[in-house]
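Note that the chains are named A, B, C and D in the order they appear, and that numbering of residues resets to 1 at the start of each chain.
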Amino acid sequence: TVQHIFKQIFQAGLELQEDDNRKELLVSRKKKPEDTIVDLKGEKIGDGSQRIVAGPCSVESYEQVYEVAKSMKNQGIRLLRGGAFKPRTSPYDFQGLGKEGLEILRRVADELDMVVISEIVSPQDVEMALDYLDVIQVGARNSQNFELLKEVGGVDKPVLMKRGMSSTIDELIKGAEYILAKGNENIILCERGIRTYEKATRNTLDISAVPILKKETHLPVMVDVTHSTGRRDLLEPTARAAFAIGADAVMAEVHPDPAVALSDSAQQMDIAQFESFLDSLRASGLYKY
Amino acid sequence: TVQHIFKQIFQAGLELQEDDNRKELLVSRKKKPEDTIVDLKGEKIGDGSQRIVAGPCSVESYEQVYEVAKSMKNQGIRLLRGGAFKPRTSPYDFQGLGKEGLEILRRVADELDMVVISEIVSPQDVEMALDYLDVIQVGARNSQNFELLKEVGGVDKPVLMKRGMSSTIDELIKGAEYILAKGNENIILCERGIRTYEKATRNTLDISAVPILKKETHLPVMVDVTHSTGRRDLLEPTARAAFAIGADAVMAEVHPDPAVALSDSAQQMDIAQFESFLDSLRASGLYKY
Amino acid sequence: TVQHIFKQIFQAGLELQEDDNRKELLVSRKKKPEDTIVDLKGEKIGDGSQRIVAGPCSVESYEQVYEVAKSMKNQGIRLLRGGAFKPRTSPYDFQGLGKEGLEILRRVADELDMVVISEIVSPQDVEMALDYLDVIQVGARNSQNFELLKEVGGVDKPVLMKRGMSSTIDELIKGAEYILAKGNENIILCERGIRTYEKATRNTLDISAVPILKKETHLPVMVDVTHSTGRRDLLEPTARAAFAIGADAVMAEVHPDPAVALSDSAQQMDIAQFESFLDSLRASGLYKY
Amino acid sequence: TVQHIFKQIFQAGLELQEDDNRKELLVSRKKKPEDTIVDLKGEKIGDGSQRIVAGPCSVESYEQVYEVAKSMKNQGIRLLRGGAFKPRTSPYDFQGLGKEGLEILRRVADELDMVVISEIVSPQDVEMALDYLDVIQVGARNSQNFELLKEVGGVDKPVLMKRGMSSTIDELIKGAEYILAKGNENIILCERGIRTYEKATRNTLDISAVPILKKETHLPVMVDVTHSTGRRDLLEPTARAAFAIGADAVMAEVHPDPAVALSDSAQQMDIAQFESFLDSLRASGLYKY
């Protein structure tokens, strides 16, 4: 029938358009077949090696950050994360130290020759943060805060882009495109678990997202094992799975004394647990540093 | 039995704790038992009557907005919505007319004595928007953009607060608390469908959220039937369900010519469909205006 | 390109096939435009009126069932449900009285001239159940137990077919097709909530499923407000929404003393609450009996 | 503070209660700390080694099964799967060869000294299947078909128990308890992806379920990489992740000519792809056979 032919033409047009859209994305592997390698003061993400990013959930004090960072440095790990601006569900939860937190991170990093990664939650703070951070993190709750994405796209600083709590893989890719479209090519994508009906874990780690993102884009991919599981006992097994499936880096939270942490105390490792986490990973042969 | 007594004590402890948590929230009905009524230039939301908010998905031109607004006005509907700042998944989709869109909305509203509702996506734009808007909308993608929530909490302008795509009801309530904690009491909550596995509809309308929000908070509750279903054929039935279950208002999208709309063409009603939508609602006895 | 044309042809073929598939379904409105009306001893489901099905979650004793049924009868409600075979998550939970439960239901129904609806969980029990039941219920956990569907398709007894906990609407429709394909046309579909991340309710009532099912199929549609919400305080509001959106019937659980119920005590109404539930529904104008 | 002490008591009560519940389950590691090893004619599942189960989605002919099995045998793989009774969403899809399919599987297995795994969908067929099968599979759609679980619990034949499409981990564990409570200890649990909003994969592989199941129960755990991803290109990466995180076995579908397969053609490997799948797994060091 004529109606059917029209439908066909329409469908064909739709597909053509989708093809075009995908071809046009700057983050796409079709646009750039070779891997993007993000160089963080010598620590390369995306070059085929495995990296670990660690640090406390929230920055609480110079001493707290220094203790964790020192232990990391002893293990040869230079990628330090810590939350200064904390997006919290309730306005009455601890909201982070803000700029003071960034200053602490910078000071510790300078003393120990480390790299600082921290979340920025507002476009207005990006400019200020450039003085303190080596990597700007866009958090899960801001994964579709497009004004923030555009802002970090316009600065000369690597961006760690987390998947939203219920973002599709396609939405994560298009979110990264907002950044790259503004000129910033140094983007690391991060799978951090998605929201499902299953409550045995805080979120459901979508491990398949790693090979899909590696195939669809040329960007390096990290797995945040802390927020995806929310369980200390699952950090090491999921880190193994992440490296085995091809993740370029794993992020995990470490606190000198998790029991008194101002946020997420149940899911952070203490320093002894962190060292044993690294030992097990190395013993598995999946992490070589 | 002893076991049973322990269970009871345990249960009592659980309830006590929950009670305490909830009592502290300013949005809670425990804190303020009577309904909050938001007065929008004479159109009251939350007073037991039913209101309809309508308008195009995106503001495209003065003529487009005027045509829809005129038809609304003829039907006695004064609450005009329209998107000027459009958060879109891809950076290459139409991003809205921005400030020019706000100007168009204001001009039409002034000519026809209507009330303007539009989404603001960045804390920096809130101040500017005060000159144009009667209600500031916080969209689903920004439901946990806490900097934006704090900003709209500090101004003297009603806020329409949408539930996030995968927010729990508790997260929506705590998001509203961010606003009220800054002093702004004029908040309307909006259920707009949640993300589930079911793809027969764009999202899954969580109709039970309406009585839960009315019970837990003192704030008025709206249902966005357009974004929850994404299907023109479901707008009228879901609007009936929304009013029947106690929603104070329903939001629906109307465009003079949906086929050429710059966004969401498949789910908007044209003007004739809108009039028939209203006729059916009135005939059901659930909408009385 | 040639590749593209082939893709088009393939796509067109796919659509043709889908169209054909849909056209061929016996449950489809395309196959039979007029509504199917299921007549349960004079109580018609699907004729435009609103029906209520009530009764205890589990059959526990003759006295328990009689007390509920008597109260229903006084209110003019003849559709009695009660669980005899109970599919329970744990093998150590109460599994129901089995055949003895069916006998109790039948005895009470005969004494009070009522209609009995109860779940059968095994193909082997269908034959036996014919002596006791007026409607065979296929439960959510058995919605894709195709051997059971085929079995109930082969008998001359109406079937109440519940949506699976995470079935799509399409899967529910195809499940009903298994029954109709075997010759049994008396099928009532039942939306009972789907599993999502939201835990404020036991499941998320997918109210939009009602108009979709009414549009796609010619079968009557029921809403189980008890299992979808799991909350006594939401039964009446969701029943209103169900009738407002076009449901042919609502199912709710009633127990003489919910606190001592052997299953699901938190969500059942006692008899006074049930009467007040009915009074409110009648007052809303949405339920006319 | 006093408040803190109450919180602690409360927490302790919560844990006590959970402990009690879990201690009672026969599948629990608290009940039996050492690993259960299921011996399938010499192929041990759960002894610390890695096993692969392969075969076609549906049994179509002797030749088809023989060709796949021969290739498996050449690679040292003896665990042969194949669907004879196929639970299909639509009654008009290919429903499997039934008993004839079991005969084909048995004949090929006897000729090549292999082990046969196939799904049984009805309690009535369990007895008959004992003559043909070495392992009875309970499929995802029947994971809460408790009559079937009880039936396979009463026979002397290992059971492969798949997680339901939207089962929680707790429901899977309690489902296995139905089997063990009837006396059958030879149970293998299988993660096969859960239903979520993400549609880039057929289901979302919940990789964290593996260490949780290993910790909570003493049973071996398998991962079905075919049904969890539904994508041929993801089979090898997810198999690596599964072994890395501690799965005892991986299941994947292989067909001599996937393009003409009667079911699930898009996700099956052909024989060359299967050999390359095994080569890559061996090269990764995560699979040692």
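Here is the rule we go by: a contact is a pair of C-beta atoms (placed from the backbone, for glycine too) under 8 Å apart; a residue touches a chain by one contact, two chains touch by 3 or more.
Bear in mind that the values here come from a model prediction, so they are computed numbers and not experimental data.
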{"item": "B-D against A-D, pair bridged by the larger set of C-beta contacts", "value": "A-D"}
{"item": "Furthest chain, CA centroid comparison against chain D", "value": "B"}
{"item": "Repeat of the B-C interface, chosen from A-D, A-B or C-D (over half of contact pairs identical by residue number)", "value": "A-D"}
{"item": "Inter-chain centre distance, chain A versus chain D - centres from mean C-alpha coordinates, in Å", "value": "32"}
{"item": "Gap in Å, rounded to a whole number, between the CA centres of chain D and chain B", "value": "45"}
{"item": "Sites on chain C at which at least two other chains make contact", "value": "166, 170, 195-197, 199"}
{"item": "Touching residues (chain side chain B, partner chain C) in the complex", "value": "166, 168-170, 194, 196-201, 204-212, 215, 228-229, 233-234, 237-238, 240-246, 284-286"}
{"item": "Chain C residues touching chain A - in the complex, by the definition given at the top", "value": "4, 7-8, 11-12, 15-16, 166, 195-197, 199"}
{"item": "Partner chain D, residues of chain C touching it in the complex", "value": "21, 24, 87-92, 121-124, 141-142, 144-147, 165-166, 170-171, 174, 177-178, 181, 195"}
{"item": "Chain D-facing residues of chain B, complex", "value": "6-7, 9-10, 13-14, 17, 166, 195-197, 199"}
